[in-house]
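When the chains are written out, they are named A, B, C and D in that same order, and each has its own residue count from 1.
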Amino acid sequence: MKDIREDIAWAKINQDVMKSLENPRKLYWVILFFALMAFGFGLGCEVYQYQTGMGVANLNNPQVWGLYIATFIFWIGMSHSGTLLSAILHLMHADWRKPIYRFAEAMTTFSLMTAGLFVMVHIGRLWQFYYALPYPNDRGIWPNFQSPLLWDAMAIFTYLSSSVLFLFVGMIPDLAIARDNMQAGWRQKLYTLLALGWEGTDRQWRNFRVTYLTIACFLIPLAVSVHSIVASDFAMSQQPGWHVTSFPPYFVAGALYSGCAAIITLFIILRYVFKFEEYMTLPILKKIVRLTFAIAMVWTYLNAVEFASVWYSHDQVSKDVLIQKMTGNYSPFWWGMIFCGSVVPLVFAIKRFQTNIPVLFATSLLLNLGMWLERWMIVAPTFSHGYYPWTWDHDQWPSIVQWGMVFGSFGWFTLLFLLFCKVFPSVSMYEVKEMVYHRTLHLKKSETAEQGAH
Amino acid sequence: MSKRHLLALYSNFDEAEAVVRELRNTTINGFDVNDDMIVKSPIEHPEVEEFLGDKPVYVQWFTLFGALMGGLFGFFLISGAQANFYMQMKGGKPIVPFPPNFVLTYEMFILGGVFITILGFLVCAGLPAKRSPLYSAKVSIDNIAILVNAEEAAISVLKAIFTKHKALEIQEEAGK
Amino acid sequence: MSVSNLLENWSQVRHEHPVNDKPHDPYKWAMAIDLDACTGCNACSVACYAENNLPVVGKEKFQHGQQMHWMRVERYWDEDGREFPDQGFQFLPMMCQQCEAAPCETVCPVAATNHTADGLNSQIYNRCIGSRYCSANCPFKVRYFNWYDYPTTENVWPAEMTQQLNPDVSVRGKGVMEKCTFCVQRLSAAKVTAKGEGRIVREGEVQTACQQACPTSAISFGNIVNPESRVHKQWAAQQVELDKDKQAKNEKEEGPGLRGYRILEELRAYPSVMYLERVRESAV
Amino acid sequence: MIDSDSVKQLAGHPFDRRDFLKVLGWSGTAVALSGCGNTSIEDGRETVVSYVEASDYMVPGIGVYYNSTCAQCDAGCNINGRVREGRVLKLEGNPDSGINKGKLCGLGQAGVQHHYNPDRVREPLLRNGSKGEAITWDKAYALIAEKLAGVQGDEIAFLSGGMSGHLKVLLGNYLDSLGTRNHFVYEAIAPSVVRAANVKAYGVEMPRYRLDKAKVVLSFGADFLGAWVSPVHFSQQYAQFRKGVDGQRGVLIQVESKMTLTGANADRWLVVKPGTEGVLALGIINVLGTATGDVAELVKGYDPVRVSRETGVSVSHIEKVAALLRMRSPSLVLAGSAAEGYAHGSQNAAAINLLNQVLGNVGKTIEAPVSVPFPQMAPAKGNTAALKSLNDGLAAGKYKVVFNFAANPVFTAPGAMKFKDNFAKAGFKVAFAHYLDETALQADLVLPLDSALEDWGTQVPEYMTEGAQINIQQPLMERLHANTRGMGDIVLALLKQRKADEYKGFEDYYAYLRGAMLQNKGALGGGGVDDDTFWNETLTRGIVKLAGATGALTTHATAAGLVFPAHKEADEHYPLHLIPGVTASLRDGRHTNQPWLQESPDPLTTIVWDSWVEIHPKKATELGIVEGDIVEVTSRTGSVKAQVYLFPGIHPEAVSIPVGRGHDAMGRYAKGYGVNPFQIMDTVFEAATGELAMHETRVKISKTGQRVLVVKDEGAAGALQMGRKIASRVSTDQIDLSKEV
């Protein structure tokens, strides 16, 4: 099992990463094609829904939200691992983060953008969405700051802009490298512009270090708050199955979980597509896998806590919702969630699977499926089994339009992500160098120590 | 008095460190080691800061200012808007309710902090910057560069020191 | 949005409205529905369609649960497993309960649903962006969303049928939420008339469409602040207090001995509709 | 309300008003529609009309109310139509009415959808092959005259629904001029057997029932809150009855085999074996033990054990009911359509009426009705015997010209009667119709009628409430379609063909009506008032209240002629009873094309837009049927397929299908929704009256293997509250009602 070589030439690092911007494997184009197709289909669904009305999604009076909000939470959740892991690991000086954090942060950014799309497709009057923005106006009309949806909007805006800035700031030295190594053309112009004249001077590095650290510090509480607020959309309401105190930590754990699983998936794809075998090494993958396993167990625990607290409370209405989830129309999906979320990750506990790429790939997909199901199982059963039995619904199955947009969102995300990786270095060159440098130092030190011992 | 730039490239930090030490210990007319020397490196290198001496960073003050202003602005924007919009009551809640406003204040606190930190970074690091007169793309690979700006008289002394420490390459700005 | 305004009126804006307060003056519209009188005939529901321009969605959309009846008549029977419902069914007309602390109001991102000065839960169609959060948070599920653009949907209001539309009530387009308004257009008209005459609206001067149609007069509606109103008297006689989530009469060991109750009162939404329990003869 | 000056102007120049209103109608609509969605306010600007010269009775933006009469059923409720900018928006009850006192049922309110229905016939149509060809009215009248030429009086038949007032008089004159007595007055659903039984028991067809005075109401299948006789009136009495006197609330006991809306509101709902209502009544008389003479003799055999065995009602219930009736007097016993719908329906009704006599209710809760002092205007009440005799005549090819007005026998006649085929044998068929319903489709000439909200007329209610009254029907707005005509105008025009001289003084039916009313001004309470004032006041009120004559009721109880047929064994091929459900909103199906009624959930099952087969859950389990299964219901004469709804309020040996749906014509809102149980009804007739015994049909049920999702308002939890306190109930011993407001 090879890790990054200490003696790798720094020039080779530059070369390898820069190559990824030019000639990926064929698979890249295949994925891009399917992503385009999926996105196109989703777009068609949205146009149809926009023209005709939300009814074509087969939403109905109690079941007012459906897959859109569930998938919205999914994407918000997915965004968490990128930035949060990057920031936490940065603070903890965990060097193994360095080759993988860039794409993880890009994943954050793009999944947030995808989540934003769901807010759009979900609202009944998309053409009036700006009513939700707090802009000064003559009539003194403001959005309702008491609404958790508005907190959501605010949190996501903050998170998205901070993540983009974090990603960008961290990429400036690499953009300078790209600028210096690129043939003249639109790319070079772009890199020149974005590199802001970075030359790696001591003053730049000094301020860079502090800035990067500061933003990382901000991002951790921010990321936690974002998913807590998404949890508040539910926990702040009065509905059975939603009004649960443990929802914020539960959501955050779920978010980290799905984010980590997505990192594994994307890690494996990028490693192959962009020939990053030397940088995205199996020992790193193994670390992520172990982390994911730990988070999976935390999630499982919080899940159990939620059920237990509902079960032992005397809130019969919430209990009914839980029973409905286990035994009602939704039970296959609910048990699917339990299986994918709590049982499948046990694969990660087995040592020989921790570096088995096909197994990890399949497992990570299953985990994400489980996490998507989790979100659906949070949103839908409460609607169809709420306080008012008269309105419990019969026909809550999402229509092709809803499914189309869910698949379309994956297309959209993949599209953005792949384009990003093609335009910007998805492995941080300067930080891999740092990593290598630190290792060399470390080796030297231990050699010196050894010699001293002799 | 005209000054000229001089750039020397080194393959590793130890060499560069030795050069800087020497420059600091040597008094050269027309060259101030604190003002006229810039070290460029491909990676963030704490040692560089060490051997360059104590140079303060002010970004965190921007952060403090941004976060506080963000928070204050957030709270008063929201509460003020609510107070002016009192016709739209929410049953069971005061017109300016604290819990939601605290959540939003918190977000605005972070938003302000992050934005102003970035601003501070750009200001403190002098970005976006004009490219300096002498630069080598090798810095973006693995070389350490020492850029000095000195009076004509000092140039040769500096050059000698650079050469002594086995500079890989020395670039010289043309005289004016 | 001036900060000075905020600081000057600090105590006012920190006032919890309206439960621990008595701001409903001179109006607080409320309702009482006698389930013993209600026969479940649906006249109220049809009256609501006629008055409030509700679209008839048709069989297919009804099947998808997209019906728009602001006033629905629910029907229940015994749950104790008896062979026949030999004490009859229970009917319950259900519409927006115009809660005093409405769960729907706080969650709307654009403040399209609010508490009015006369105690209604208003819905501003123009402002609504259709997030449907209000419906998600409504315990009674009495909010109805325009899943389609009904004015242009085939056979909803074809040709001549548009002439039946009530010009006092806007016809809602797609993507907005709607619900029972307590016939706010009638209330406004009555209030304007009364104001012109320098008085408040008298008891009996204004009726909601459902109340007007109800053949058994099971629905009474009025200004509960007015001690002369039937609604006030009914609420008082039943010892149901608007701003309580637990009524003192229910604490008695021997039972309240009174019929008035509010649905899901324990959720602290403080509904403005009191129901009177259906009575069943014990002698037969 | 509007002042009398404006009424004068309005009444004097109806056509000016109409033209004016027509223009305004559309602009108002544009305003209403532009309030929605993202429609620009500029839309429709060209149709905006200035109100600069509005008439003084027209206040833009203010609703004006006109009184008229509801024509949706025979109860004759007085309505108050809200008119704005010349279009009628909403029907409300007339508060001055003795019948409905300001209230109106859903069916009545849907009257505006009858008026604005997009599927109304707009031109006279002449059959050309399978198509209708629009012709002019002159041509249509000429054609009728041509077809009638040389036809003998007894070769002409006129089929109509129940009718009264001046239209009935005028039509009578026309039929006389044709020399025919063949006026068949047909109503598919009418309490005809009960009427006959009432005549025997009380001496009148329909006494005045006083639920409000009764302490106990024992109803044998009378759905007086839903579809029976005068539901809005009875509902008001019911409210009074429930409040009771001094906090003693009235008790309602309903006896029937399939729960009706009234049954759903009962304190005790007693399910009986279909057709044994009379037996139960006799059993109760037996337990009461107060009967004397031949009645005592008759009921001697009906001891509780036997009655319980035959009816399926437990002995204890029989005794409890009897005890309650004994304890709380006066009471009221009603015989409804479920009791009369059998071959021995008269016997059932007689036994039930006997119970009233024994309880001494006659004169207390059963009062003598008042009648209008103009017998020629009294209602001609429809029945099904008339249909049978018409059908027999048609089958024999007796009629050359047949007119049809306000009846739809092709839809409502039992399939086995083959009415459609027999109708085809008539030489020339004229239908006066609002819509192309099943019968109009078979006609050779279809003449489009004004809606009830466009037409003039008078009506005498079949069921008089607080005194005699004549209802006035007046246009609430301008004609929607230029080429429809009022039935009165048509009859007058036809009459002018026969007796031009006699009727030439009447320019139109309005003139005739006004003239006829003014002629009897004195008797109508207008003595000493000038003509215009009287007429305007009459129109303003919409009701003419009269001091009617009241007769006396028979109070003598007799068991004469009361013989029950022997207990019938179950038919092994067709083991189940088919009970046609009559719902409050759809009745016999003439209003099925009013979308509010289609979408208004059936109160008991909450099903919309479709028919269903009600089956008791126990029976369903036995047959392996679940909700939504499509079953085939087969009688001796036919079969229909419909979805199943499991319904506990039905006798396990019976199934019920509601009537009114299953149209294959009548426009977009009616056609193709549900099934028509009339199609499979056995043609069994009531022995004494010759009325169709609607409850006598026996059926069997078989699964088809298909299953659908039942479209209903009820949620997945069904009728259960899942332990939440939603619709709460309390029993009388836990409550003191006397202090209530």
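Going forward, contacts are C-beta pairs under 8 Å (C-beta built on N, C-alpha and C of every residue); 3 or more make two chains touch, one makes a residue touch a chain.
Values in this document were obtained by computation on a predicted structure and should not be read as measured data.
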item: A-C or B-C - the one linked by more C-beta pairs in contact; value: A-C
item: Subunit A and subunit D, separation of their C-alpha mean positions in angstrom; value: 65
item: Euclidean distance of C-alpha centroids - subunit A vs subunit C, Å; value: 43
item: Subunit C and subunit D: spacing of chain centres that average the CA atoms, whole Å; value: 32
item: Subunit D, residues touching no fewer than two other chains; value: 38, 709, 714, 720-721, 724, 726
item: Residues of subunit C engaged with two or more neighbouring chains; value: 1, 63, 67, 72, 74, 106, 111, 149, 174, 264
item: Where subunit B touches two or more other chains at once, by residue number; value: 77, 81-82, 84-85, 88, 90, 93
item: Chain contact graph, described as a line, ring, star, complete graph or other shape; value: other
item: Partner subunit A, residues of subunit D touching it in the complex; value: 38, 709, 714-717, 720-724, 726
item: Of all residues in subunit C, those that touch subunit A in their complex; value: 1, 61, 63-67, 72, 74, 94, 103, 106-111, 127-133, 135-137, 139-141, 143-149, 174-177, 264, 267, 269
item: Touching residues (chain side subunit A, partner subunit B) in the complex; value: 9-11, 14, 134, 140-142, 144-147, 150-151, 154-155, 157-158, 161-162, 165, 169, 172-173, 176-177, 179-181, 196-211, 214-215, 218, 221-222, 225, 229, 232, 430-431, 433-434, 437
item: Interfacial residue positions of subunit C with respect to subunit B in the complex; value: 1-3, 5-6, 9, 12-19, 99-102, 105-106, 111, 114-117, 121, 268, 270
item: Interface residues, subunit A side, partner subunit C - complex; value: 52-55, 58-65, 122-126, 128-129, 131-132, 136, 140-144, 146-150, 153, 233, 236-239, 383, 386-388, 390-391, 393-396
